[in-house]
Structure formats: structure tokens, C-alpha cells
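In what comes next, chain A is part of two complexes: it sits with chain B in the first one and with chain C in the second one.
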Partner chain A sequence: MTATMTPYQSAAPSSGAGFVQLLHAEWTKLRTVRGWLFALALGAVLIVALGAGSAAGSHRGCGGGPGGQLSGKACAAANAPPTGPDGTPVTDNFYFVHQQLDGDGSITVRVTSLSEQAPGAGQRPQGPADGSVPWGTVTVPWAKAGLIVKAGTSQGSPYASIMTTASHGVRFQYDFTHDVAGSDTTVSTTSPQWLRLTRSGSKLTGSESADGAHWTVVGTATLTGLPASIQAGLFVASPDYDVVDDHIVGTATYGGPSRAIATFDNVGLQGGWTPSTWAGSQFGGDGSGPLGPPGSRFTQSGGVFSVTGTGDIAPAVGDPDNNTIGGSLIGSFAGLIALVVLGALFITAEYRRGLIRTTLAAAPDRGRVLAAKSVVVGVVTFVVSLAGCLIAVWLVGDLRRNNGFYVVPASASTTARVIVGTAALLAVSSVFALAVGTIVRRSAATIATVIALVVLPYILGASAIGPLVWLLRLTPAAAFAVQQGYHRYSQVDGVYTAAGGYFPLPPWAGFGVLCLWTATALGLALYLLRKRDA
Partner chain B sequence: MKTVLHAEWTKLRTLSGTFWLLFAAVALTVGLSAAVAGGVSCSSSACNQDAVKTSLTGVYLGQLVIAILAVTVVGNEYGTGMIRTTFAAMPRRHLVLAAKAALVCAGSLVAGVLGVLGSVLAGRFILPGKGFTAAHGYSSLSLLDGPTLRAAGGTVLYLALIGLLAVGIAAVTRDSAAAIGLVFALLFLFPLVTAAVSDEHLQRHLQQIAPMSAGLAIQATTNLQSMVISPWTGLGVMALWAVGALLFGGLSVHLRDA
Partner chain C sequence: MEATIAASIAVQGLRKRYGTTVALDGLSFTVQPGQVTGFVGPNGAGKTTTMRVILGLDSVDEGSALINGRPYRSLRRPLAQVGSLLDAAALQPSRTGRNHLLWLAHSQGLTARRVDEVIESAGMEKAARRKAGGYSLGMRQRVGIAAAMLGDPPVLMLDEPFNGLDPEGIFWIRGFLRSLAAQGRAVLVSSHLMGELQDAATHLVVIGRGRLVADTSVAALVAAASGGRVQVRTTARLEATAVLAAAGATVAVTDVDLLTVSGLPSQQIVTLLGESSVPFSEISGHRATLEEAYMELTRDAVEYRASDESEPVR
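After this line comes the complex of A and B, so read on.
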């Protein structure tokens, strides 16, 4: 005789049933621990406070304005660089030997020499550019000499140019951001370089030749907004040289103005262009200061032109102050530390108090527990950081402008990318901390590991030391690329460092690196959580 | 004091984590130093790199492990409630903290000496192959050289001070997690904010008071005149931070219920 016993079954819904209930349970844990709410609030406050504090502590005045001292927003406007035809901030200073030319035609020239100089030959200590230190020969790889057609006399107006450079051969460049390489020759008296620039309507063609008889087209450009009569002629420019001192934390750069001296001959106009007198003038101001009496910059005798120029015609790249929208989120590092502590404690506290056994008894599917915890931590930290980042970007930008700083303009999509990306970076980092916490089970070691992986590589990689820059490609710190404020232009030797707003990876690729680390850590955490006793 | 030290030593040595952490501190210090030394290059006499400082880069990672050790020595006792037993056995609480600080200090010194020696040795063997040669104005790294000895010895002291700072902070927060967050914020946020501030004077002052920037000024052997703070003064600033944190910690241990 057998008695059938029906085991007791609770009328309550089975615990593993609802992921929603699990989420609710984890959310209840989070919101009822005062210390964690404090960490969340601290995260948001730090994101704003650190950025606002550093912006409030920096002032820039402008003395040179026509109305005397400028301050605040007027100064910020005066500090703004010109913008190119597509809105990119640009540098547009060079020495211009020009005349007005109407309609279509072409201009030809032979460049016979190009050399560069800097005060004290660029050696330390860096000398002033006022002539009190003798100028010595240096190499400025992007020193330029050649022909240019310029739409107008205002900085940032459309142009096309064909040039020889000190170390990068012949180049055809137009409208600041476009750069086409020609032959890789270096100009000297024994190997002069012929250049030609031809206008046909809005189409400009740059050609080069070694002998003046056989011509090769380097590139063509269609310029919009080119009037019928333009300024065309010879130009010489030499960008500031930068020497980067490698420091492990932060970089120190020193540098200064340089000048290039070029010799031209066989200057000729063809087609519909008729020659008149050549006039020499500095286009767009001196840039880095006076480089000697203006009269000495251009001499012409017997068809030989000697021209001295400084400045550059190129997109403006990173400045050490990083006045980009990404730069206003410096507080995200502080917020990150607070939120990482929260993410780690969300699991390690359960281990320390033994609560994890209750949690796992109530919800035996450990994968779901980890998922619920990740979702709650991720969503909550994302919302909090998003709020912090929105306020920080608005407040810091305003403070900077009020204190006389030019803030690099950002498009709506860039602004959204930086703000949402930074909030996502902080949220994913917290989830990463949760995963590492599940693996390590100790709060101090977890927090130290995560901060060592996310923040330390940024600090080390912000220097220009080669191997350390790799840290910004391989470690989770790569995700700070979502704050990318500058594009790297191969035709500009700038100081491309993370501290200046430049990251080696594209924004979302960098963020992907962090996600990859987090996914791996979560996978390992899940494996260990299932395998080990709680 | 001797019995307190002995008690704390027993606690510390019977935890398996202690020796692993000290080992990790040494390994990470030497590892990062060697990796950076293997990655840098100097192609001319104007490469302006500080060979000694470069070969001691690993301390950036090593200090984090020392901080974990220091924070857990104090924080874990609060976490587990063991601190009440400790204070019941030794009612003079500041002596307990002093003993913990002394042991952390000793541990950091041992790990620091090994880590720094390993780093200098790695630099001595790796850097000449990377262009840090006599032709470019670099002599082989040697502790017989005054500035190199100062940089190496100072780095060991720096690690010990980091340990003391973390012990002090943990005694104030009484929680490992909060303490480690605070220590790291103190170390890392200063350089980040310094980079974000555009005002040169403010930048200078921030570098002078920041525990990490000032403390690691001890590693510099070139361009000393252009530094914002001299090596020993910088280490002094770091020492002030450590002493301040310990005083606060001692006060907090003394005044509050455990």
C-alpha cells in the first residue's frame, strides 16, 4: 500500500519566475542603503563640481583690443580662431605676395630654395622672437612655400594652393582640411621645383614639374564661393615648432614661432591673367609676434623673389587647455571613482554581510541575479551621470566663456555623443566594477583593480610617450575617446595628447574596448558565481 | 608597544593575502617599469627624457597595491567587527593604529626596495638598447650616482608614505571601499584637474600640493630647475599628507565608538 504525498507548494509565485521581481528586489536594496545613495549623489555632484571649479579658477584676459582691456565673453569672442568654409576652426596666417586677378588663368613659378629658422635655432631656453636672440636654422617639416589663390582677404576664406614643403614634398591643399600629396622632392638650388596653379571657373588645378616643360597634375579642387576676381600669388608660411617633453604624467611642450625663407624665380601669368605689380603683405596678422621689420620680408630683383613668412594655413588642432566640450567633463573622472565604488559594493557588501546566501536562496538562478544587479547598477548610474554631464557641459562652457576662453564649437551630434557617451562610460564602468567584484569578492581589491584599469591608464597615456599611448587603445580607459574633441590632421604637426582632447581611437571604438572588457568580466563572473559556493 | 606590534604582526602574517599583495606590488612595479623602458626610444642627444624617472614608472602601479594592503589592514577589522576584540585587548587605541602603520610602513619599504631595485636593474639592462647611450648623453643607470640614488631611495620612501596615508584615511572612513576610493581620488584627481586648469599659477600650486605629483618629484634627475617643486620638498609635501591623514585617523579612532 502506498501513500502518495504531495509536497507542499507555496501559493506565492515561484521566485525564479519574474525577472521584473528580481530587478525590483535589487532596486530596493540599492535605494535603501544610505551610503550608496550618497555615492550616487556624490558622483553627480563631482562631475559638475570638479569641472566648474577648474573652469572658475582659470581666467584669460585680452589686452590688445581696440577698446583696451577686454574681459569675459567679449574676450572669448576675440580669442576665437577664424573658421574655414566648412566651419572648422583654422589657422590662416602667412606672407602673401599677391595681386588681384580676374577670370580664368594660371600662374607658374619655380621655387629654388626653402629654409627655416627659429630664435636660438629652437634650442632651450627658448628665446623671444623679437630679434634679441639670433635666429638659427631648424627643420620645420610643414614649412610651406608656393602658389595660392585666395577668395578674399578675410581669414578662413576659401583657397587652393600648390606648394613645396620642408619635409613632406609637393602638396596640393585647399580649404584647410584637404591635403593631396605630390612628388616627394625637397627643394634646393640644384633641384628646383616648378609649380603651377590654374583657375577655370570654380575649378582649381595644381600641377608640378621638375623642368618647367613636363607637367603632372597633383590635384584639383572645386571651391564654392570663389568670386570672379581673386587674390593670387606667392606665399610662404612656417608653423610654430613644438618640442614635446615626455613626462610620465602630463606633457610639457615648449616651442615658438619659426620663419621660412623661400626664393622664387620664373614667376609667370598665363591664360586670361594679366600681370600688374606684386604687393607683399602679411595675411591675417603675425600669429606669434613680430618677426622683424615688414620691409625685409619681400625683396624682388631681376625676377628673383625672396620671401620670408611665418604662420600656417591649416586646421587648428588641439590646444593644451582642451577647451572642447569633452574638456568640460573633467569631473567625470571623479564621478567615475564614486560610481565604481558603488558598483563594487553592490556585490561585495553582499559577500561581506553574507546577504548573498539569502539572495541566492530566494533566486536560485544565479545568472539572473547577476543580470538583475547589472541592469539596476547600469541604469541607475547612467541616469545619474547623464544628469551630471548635462549640467556640467552647460555650466562649464558658460563659465569658460565668461572667463574669456574660446570654447571649440561642437555640432549637436558631437555634443550628444560626448554627453551620452560619457554617461554610458560611467555606467558601463560601474557594471565592470560589479563584475570584478563578483570575481574578487573583496571591495578594496575590486575598486583598486577597476580604477587602476580605467583611470590610471588615462593619466599615464595622456603623456606622449609611445608605449603609454597604447594604454589608451588596449585598456578600458580607451573609452574616454567618447570625449574626443579634435580630429587628427596628418598635415599638421600638433601636440596630440589625451590631455589636449585627442585620443588614438575613434569614439565608439574606444567605448567598445570598455564594453569588451566588461563583457569578458561579466562572463567570468557568471562562470565563477555558478561554480563557487556563495 | 612591543606586544601590540607582535599582535598586529601575527594578524598580518597569518592572512594569506598579505604576502600576495606585497608580491604583487613588487611584480607590478618591476613589470610596468620594464614595459615602459622597453617601449621608449631616444634617437638623438635632444630627446629630453629622464632615464631614471622612466625606469621607475612602475611605482604608479605599485602604489595602488600598497594602498590596498594598507586600507584592508584597518578596514577589514571594522568590516568583520574584529576591531572590537582588538580594542578590548588593547584599550590604548592609538597604539594599535601606530602598530598597524608601522607594519604597513615596513611592508611597503620591503616591497619598495625590491620593486625599485628590480626597476633600476631593468632600466640598466633595457635602456641602453633603446638609444639611452653615452653618445646621447646617458650613462648606465647606477645607484652609485647621487641623483639616481636619491630618486630610487625617494621612491621607496614614497611608497611607504602612500601606505601611511592609506592607513590614516582608512582609520577615518572605517570602511575599505570608501577609503580606497578616497585614496585614489586624492592621488589621481589632482593631476587630472591640473591638466584641466588653464591658469598657470593655479596649475603650479596644484602640482605643489598634490600628493602624487609633489611626492614623485623625488624621481626627477633632469631639468631640476624647471620643476615646480624641488625633489625633497616634494617628498616632504607627501609626508605632510601622510602625517595629516594619520593624525586624523588617530583622532577619529580615539574619539569614536568602534
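After this line comes the complex of A and C, so read on.
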């Protein structure tokens, strides 16, 4: 060949081929496969449909109100628990031996005994509380007997109290969510417990003493909204007696009402408070029923008061229906499955068809390819999940209220955290599937692995209270904590399960666990993508 | 003569083994612009592996593969430098051919207009908007060629592009490859069938068992295989043999009235026989086909010869 060839110069416009172009290419890939768009839509639909389906299928009636049966939103309002001064749903039922007291002063008492009973004690399930089964002695750890100052007669009104408990020693508690521990004594006739509650303006001080002479301050509280005239006196309460059997999968809980019987003596008023007659009455609820008529629950003879009480003064916990905003997103795990399938196929389909070589020939930088794919999958699944979650929260909440359920109100920040957090949970899970898919390179194996790591622990751990709860700390399923609906209170024994809205980790810590898994998987995926022959 | 231009593709001492199997065994060759280089070898010779190495897809134990002096993985906008077709079947079945080209275009900052241009030049306008799952192998090859052309690259590398094409398609692609070379591009086309490259390639890189067997122009290869042999049909066999042997030729008797002569050009044979009044009825130059030339070359390199099958399994 004699002619000298001038090498060909590409006439393609010399525009950039950077990361933005790669993102554009991956987005084009995603939107041009109809099955993948279907998986995206299915993800959003499942989030909404599963929640709406369960909400539409369950109704809660209301016992006849003054106008007969209540229905819909009126019933939901009637089912709403009282709320404390800070808006927390609370339980506020106890037996109250009280009188009205004005201004400042203090009240002192000696507790000489506290014991608890439940019908058919120890039986599983517990016997009915209608008298057909004899009441037997049990231990209800948070049974309470002591002194209380209550702002008013409505449930949820501010209060401060000093008390002895069955298993948790002396406690100073106020406004439902606050709990201060005192000495660790258990009351008996041989070791009685002296208690004192002092009011000075809006400040209340709880003190304890073993002998009535030497006093120790347990705690002080400044209550807002405390009127000059308050109700003060003795109280006894005993929360439900619960027995929990933890099985390998799930738990069985048996429970029912309990009652506590306490004896007090040395009741005295000091300071500006002047004594009048003590009146006994049930605070909150009508007090009739299994525990007998109110009159028999308070006897006073020779300065010795015997009081029988049930109920609790505490934040409300243990809602089995999880009627929280997080509970409205019950469908999110199903939506997650659809989006995880998309995340996996976005890379495994390329391996199956040999397209990965075309991709890497077009963009030889493996890190950029993995990053572009992650960003596209992450952003697209986030947007779709966000839409699904917004609709689900609005629709499911409305359906529940219409069907008579009370939906726990949530602050704007909690609402945002649950909705955005759930969308982020689904998005990061899809990226996790993409990373696992890059490592495994097979669709079925990838999807099975990710579902086994994310969805299965969630289902196994949701109703667990035993060792299986660790699944919700260690596996990527920990991220479901973004749907955390309630606080866990140490001063309330309840069945704290994820299904009930209690996750073992705080929301963003749980989400961090998923992010850690995803980052690790992406790191391994990048290492293999660089090292392996495509 | 202009200054020497660096080879478009330069492969130097490639060595790669998969476990105990040696895939590439010190392979070196270059691909020059302005010609179609056929990359030939039996199945399993290492053609596809070599192309994957050039594209930075597979790693090597030793050696280097450079595009215009740079490794592929360092190219900023690779499709504007090398267009490649590795596996025509590598398409997402539920994506249309046009959308496949579209994402590739977007990855290089190219627009949909460029996509429509290459669709037209590959002659697949009708099928472009159908799902790739329904494409014939020939149509997939056209999508692959269109993809290789997207960045209008100076270097093209096509692995078995003739596979699945009908005669019309083969004819089309031969012309297409020649026109690309005529524009000054370097074109490397692999095939395990030498016949497919006839009338398309002007240069050949022949490999077998991961080693270079020949790196030569097509013209030189055919001439070598033909070996300057001339067939002479004559009734005076003995006289003709004596005359030609005296002139220094090697003469072999092929048939009762047929001699195969080598070492003398046919023109001189005619003159010699005429001068000696030896009668002859036909003198014809023997020209080997590319296929024959290839068979001769790879006789030793073919990996799966019939005789291998009778060897005991180790």
C-alpha cells in the first residue's frame, strides 16, 4: 500500500462524557424497560393498598353513648385516650382518697402494706374478673400506693406524686412521663415507708423517710397550670397483670386487670393546709364492675386507711393496633419487596444479558458506573416511595378514623420523620439490593438474599420480645425504626413489640444500621467490579 | 512519506490463563488505520478474549493493550475513540433497539439525533422501535454495528459481525467495512471463517491457541499459499518434463497428461515449451483461495483436530 492514510478524526461533538451523562444514561436505561416501571408503580401501590386494606377491613364500635351507637369519627373521638399536659396519650385511672386543699402546704403519710391480686392468679389465660374465679396474690411490679396532688378532676390534668411501688421502690412521678427513683425499699408491716408531698406555689417536692423523723427529698417538680385549689390525698393504682410467654416465633401474652390493696396510717396535713373530711372515689372511669362498688374500696378506722385501687397513672403504651402514623405504613414492607426486585434487576439483568460489558465499554470507570446506578435507583425509588407513603398516611389515617379507631396524633417533625424515613428506608434497601446484585450477579439469589436480610427479620422480629428482637438491632431491618410510633417508658411494663410501634433502636440509629450494611455491600461490589473480568 | 503514525490498536505480549488453560500466550500485533484487519483463528483461539482485554473488560497476567497509545480504561469518552461490537445478543429483550442506542448515546453526551443517524446508516429504521427480544440475529448485529458507530470513532472492533447475517447482509457489511477503512478508520474484524473476510479484509492477524500465527497482508498470504505453481496439460509428458527441469523448475506429475510446475513463471514456461516444440493444450496458474491459505497456516494451530479426539483423556 503506497498511499499514506490520515487517521480518521471523530466528527462526534466533543461534549463531556462525565458523571452527569452517566446518570442520564442510567435513567434512560431504567425508564425504557416497562417491567421496571411496573415494579416501581407496584411498590407505591403496595404501600398504600396493604395499609388501606387492613384499615378498611377492621372496624371498632363504640358502646352506646347517650344517643345510642356512635359511629365513624365520633366513635374515634370517643375512643381517644386522655392526653397529658404535653399531649402524650395517658392512662389516668386510680382510686383517690382526697379533699380539696388551698394554697401551700404539705401532706404526710405512712404506708404499712401493699399487696396485689389478680383473678385466677398464674392461670394462662387469666381467669375472668367477674368473681367466678377467686382472686389470688400476684406481683404487679408497678402497683402504686402513695400521695398525689392533682390539678383537677379531669383525666390527664397535671399532677405530682410520691409513692411506694411493689418492685421498684420509692418513686416521685409527675405529669405522666416523668419518673424519679428514690430508695429501693419494699413496704411491709416491719418496714413501713413514710412519704411526704409539699406544695409551694407551682413547685412540688416529694420526700421519703424510714422513721418519720429524718427526711430525704426524692424529687421536685414545677407544674404549669396548677390552680390555687387542688385535690390532694392518698391514691392506689395497679396496672394490668401481664404474663408473657416468648416463643421462638412470636409471643403469647396473657393479662387482665389486677388490684392493689394498701394500708396507710399517720395521715397528716401540715403548713397552710387544714384538714376536712376524706372522700374516696374512683378517678377516671366509672369504677364499677369487677372490683366492686366504689364504697367498699375505702375503709377508715382509727386512723388506719385501707384502700383498694386499680388502673395506672402513666403514659399509655401497648396499643396492639399500632394506630400511629408508622402503623399507617404497614404496607411499606410489601412495597419494599417490589423496589428491592427493581434494584436487583437493574444490575443482574445486565449480567444475565452480557449488557454489563456494553456498559463498562461505554464507561470504563467502575466506581462511576456503580455510583450512577446507585443514585438513579436511590432517587427514583425514594420519590416513588415518598408518594406512596404520603398517600398511605393520609388515606389509612382517614380510613381508621372513619372506622372508629383513634389515631395517635403526631407532631409535624414526627410525621416528617416517619414518611421521609420510610421512603429513605425503601430507597436505601433498593440500593442495597443493587450492591448485592453486583456481588452475586444472579437475580434470584440476589432477591432472596436481600429479602432474607431486610424483610424476614422485620417479620420475625415484629412481634417478638425475646432474643429475636436483636434482629431489629443487627440486620438491615433495624431501619424500620424510622416508623417508631411510641416512646418506651421504663415506668410502664407493657408488651413492647415492633408490631405495636416500639422498635429497639431509635429511628435514625436503626436507619444507620441499614446504611452501614449498604455501604459495606457497595464497597465489596466496587472491589469485585474492579477486580473481576466483566 | 509522512511521519509514522502510531498504530490505532497495539497489543503487546498479552498473557492470560484461566486456571490451567492458557488463553493468551504472548500475543502481540498492531492494527493500522485505513484498512480492514481480519482477526482470524479457530474457535477458542483467544479472539474474543483479546478484544475484551483491549476494551479493558478482562485483565491480563502480562502485557498491554493500547488504543492510540492509551489504555482503554483511561479513555475519557471511549465510544468516540473505539466503537465495538462484542456480543450481538447483549440486549435487554424488553427494551427497543432505539432505546438501547439512546442510553449509550446519553452516556457519551450524544443526542437522540445521532441515534437516528446511526439507525439509518445500519439500515434498521423499521425495527428500531420494536422490542429487541423479537429481533433476528441479523437485526441484533445491525443494532450492535449501529452502537459501534454512535461515537463516530476512528477505531472499530467487531467480533464475528457476520454471524447470523443473510447473504445480502454479508454483502452489505463487507462494503460497509471497506468504506469505513477508506475513510481512514482502523477496523478490526474477527471471524472464525476466513471465507467471510474475502473481499473485506486487506490485512490479516491470524492466531491459534493464544499465539500469533501470522500478521500479513491478504495479497502476500495468498501468493505464498499459491507458491507460484503452474499446471501444464500436455500429451508429451516426458519431453516437457525434461525441458522444464533443464530450465531449473520442479516438475511433478499430477495426472496422465498433467504436470504441476513450480519455480518458473507461466510466461517463461510457454516460451520454453514453444521453443522446444513440445505440444501443450493448457497452461494455468494455480491461485489458492483465502480459505486454503488459512487452512495451510493453521494446520498446526487448530486446537481441536480430529486426531486429538483419539488421544486418551488426561
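Here is the rule we go by: the second predicted complex is superposed on the first by the 502 of 534 C-alpha atoms of A that agree within 3 Å, B and C clash if a C-alpha of one lies under 4 Å from a C-alpha of the other, contacts with A are read in each partner's own complex, and residues count from 1 in each chain.
The definition used in the following text is that contacts are C-beta pairs under 8 Å (C-beta built on N, C-alpha and C of every residue); 3 or more make two chains touch, one makes a residue touch a chain.
No experiment lies behind these values; they were computed from the predicted model shown.
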Partner chain(s) touched by A:29 [first = chain B, second = chain C, both, neither] | second
Determine, under the contact definition given at the top, whether A:189 touches first (chain B), second (chain C), both, or neither.
-> neither
Could you look at A:456 and tell me whether it touches chain B, chain C, both or neither (first, second, both, neither)?
-> first
Could you say whether A:362 touches chain B, chain C, both of them, or neither, answering first, second, both or neither?
-> second
Touched partner set for A:8, first chain B, second chain C, both or neither | second
Between chain B (first) and chain C (second), which does A:490 come into contact with in this model arrangement: first, second, both, or neither?
-> neither
Please work out whether A:413 is in contact with chain B alone, chain C alone, both, or neither, and reply first, second, both or neither.
-> neither
Check the residue A:277 against both partner chains and state whether it touches chain B (first), chain C (second), both, or neither.
-> neither
Just which bits of chain A does chain B share with chain C as contact spots?
-> 35
Sort out for me which residues of chain C touch chain A in the complex.
-> 1-2, 5, 8, 32-35, 52, 55-59, 72-81, 84, 86-87, 89-96, 99-100, 102-104, 106-110, 114, 147, 150-154, 183-186, 202, 217
Which residues of chain A touch chain C in the complex?
-> 1, 3-18, 21-22, 24-26, 28-29, 32-35, 349-350, 353-355, 357-358, 360-365, 531, 533-534
Under the touch definition given earlier, write down the residues of chain A that touch chain B in their complex.
-> 35, 50-51, 53-55, 57-60, 243, 245-246, 248-250, 252, 321-323, 327, 330, 333-334, 337-338, 340-341, 344-345, 348, 352, 405, 442-445, 447-448, 451-452, 455-456, 458-460, 462, 465-468, 470, 499
Of all residues in chain B, those that touch chain A in their complex = 35-36, 38-41, 48-49, 53-54, 57, 60-61, 64-65, 67-68, 71-72, 75, 79-80, 176-181, 184-185, 188-189, 191-199, 202, 212-213, 216, 223, 226
